[in-house]
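Going in written order, the chains are labelled A, B, C, D and E, and every chain counts its residues from 1.
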Amino acid sequence: MKLGRVIGTVVATTQVEGLEGVKFLLVQPLDKTRKPSGQAIVAADGVAMAGPDDLVYYVSSREASLALPNTFVPVDDAIVGLVDAVELTTP
Amino acid sequence: MKLGRVIGTVVATTQVEGLEGVKFLLVQPLDKTRKPSGQAIVAADGVAMAGPDDLVYYVSSREASLALPNTFVPVDDAIVGLVDAVELTTP
Amino acid sequence: MKLGRVIGTVVATTQVEGLEGVKFLLVQPLDKTRKPSGQAIVAADGVAMAGPDDLVYYVSSREASLALPNTFVPVDDAIVGLVDAVELTTP
Amino acid sequence: MKLGRVIGTVVATTQVEGLEGVKFLLVQPLDKTRKPSGQAIVAADGVAMAGPDDLVYYVSSREASLALPNTFVPVDDAIVGLVDAVELTTP
Amino acid sequence: MKLGRVIGTVVATTQVEGLEGVKFLLVQPLDKTRKPSGQAIVAADGVAMAGPDDLVYYVSSREASLALPNTFVPVDDAIVGLVDAVELTTP
């Protein structure tokens, strides 16, 4: 999983079957010090509670659909948790 | 999923079984400000409505075939939605 | 899927079970203007017709084995089509 | 699999169903000489024994969930072993 | 699949269930001219015959476990063949 921050919403009315009702958010990947790193991705909101500026962790690839009510859909990035804290053991 | 723009069409008459009738498009990945980023990929058209210059989002890897009528085919990039708008929450 | 060009053949007599008779080719990934881009990969020949210098498109990861007669094999890159033409819609 | 070192803990109370009780650690990927290389990732602790500063190897993508008691969960990075030694054959 | 060379052995006594008896090797990815390229990875030895300095090709991601006797294990890199020769068709 990777750390990310929600930076936007994607609006799409024409989609493949099975994706109706799924919220898609624009997520900026972060490094361990929470600085932006790499390209923003479009992730399905698996916790259904993520909002603007939230710190989240998300899965990529096939298993992302397991975070959704309908698991047999073409989704490859999904938010699976809202992060409360990251404790570094080595500074 | 990633944001991309349709920039071309791929014509292939010799294919593995199961891919007959599937439209393949050349898609340029975009960053969050919609600037081209990285190499163009060949994606199956899962919505069957994508055309030149369309802004789309697409899945990569195994689950891409779930966007097609025949899901048991070797396809690893598929367009799953046409994007109407991207709303950034952080400027 | 990605565009590539066949640049060589890989000869391997010691392999895991299930790969007997599968042809492995060295494929150079190409960008949208067909210039080499990134490292060459070893791909199984799913169309069984690819030869030297052929322009092809290939799948990566798990679904690659779906392009082979025996689909339950450890293969993660496979050629799935010979490309006749790439038509760019934006120059 | 890749070599990594445990550098922190991720605390998340809001998660998708099925991830309750799974420990998530921040892992820094290492190169063959054990120098940090690339971005830290969030990995589930499959051995349930990994702690701060441990040298581990971890899997990425779909098969990561196979390292957990509940295998049908959206997890794509998991620690699968604690490394005792790495013996290089070529200096 | 990718070309690589065996450069070391990984010793790990604490592992997830199912990995007992599997040999893990440190493999350096190579480019088409057999020069090192990218970070070394930890691969399961699917052919059970790979040794120091061997030229191999290996699979990444989920299908890697198909190269092992027990296929339902969290392994994402596995050696699937020993390479006898690579014949380049374009110099």
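We adopt the following convention: a residue touches a chain if its C-beta (ideal position, glycine included) is under 8 Å from a C-beta of that chain, and two chains touch if they have at least 3 such contacts.
Bear in mind the structure is a predicted one, so any value in this text is a computation, not a measurement.
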item	value
Touching subunit A and also subunit D, the following chains	none
Contact-graph separation of subunit B and subunit D, given in steps at minimum	2
Angle of the C-alpha superposing rotation, subunit B to subunit C, to the nearest 5 degrees	70
Rounded Å distance between subunit A and subunit B, as computed from the means of their C-alpha atoms	19
Centre-to-centre distance between subunit C and subunit A (centres being mean Cα positions), rounded to whole Å	31
Residue numbers of subunit C (touch at least two other chains)	61-62, 64-65
Category of the chain touch graph - line, ring, star, complete, other	ring
Direction subunit E, origin subunit D - full chain order round the ring	D, E, C, B, A
Residue ranges of subunit D in contact with subunit A within the complex	6-16, 18-19, 24, 26, 28, 39-44, 52-53, 61-62, 64-65, 72-77
Parts of subunit E lying in touch with subunit C, wherever the complex brings them together	1-3, 29, 31-32, 37-38, 46-47, 49, 57, 59-67, 78, 80-90
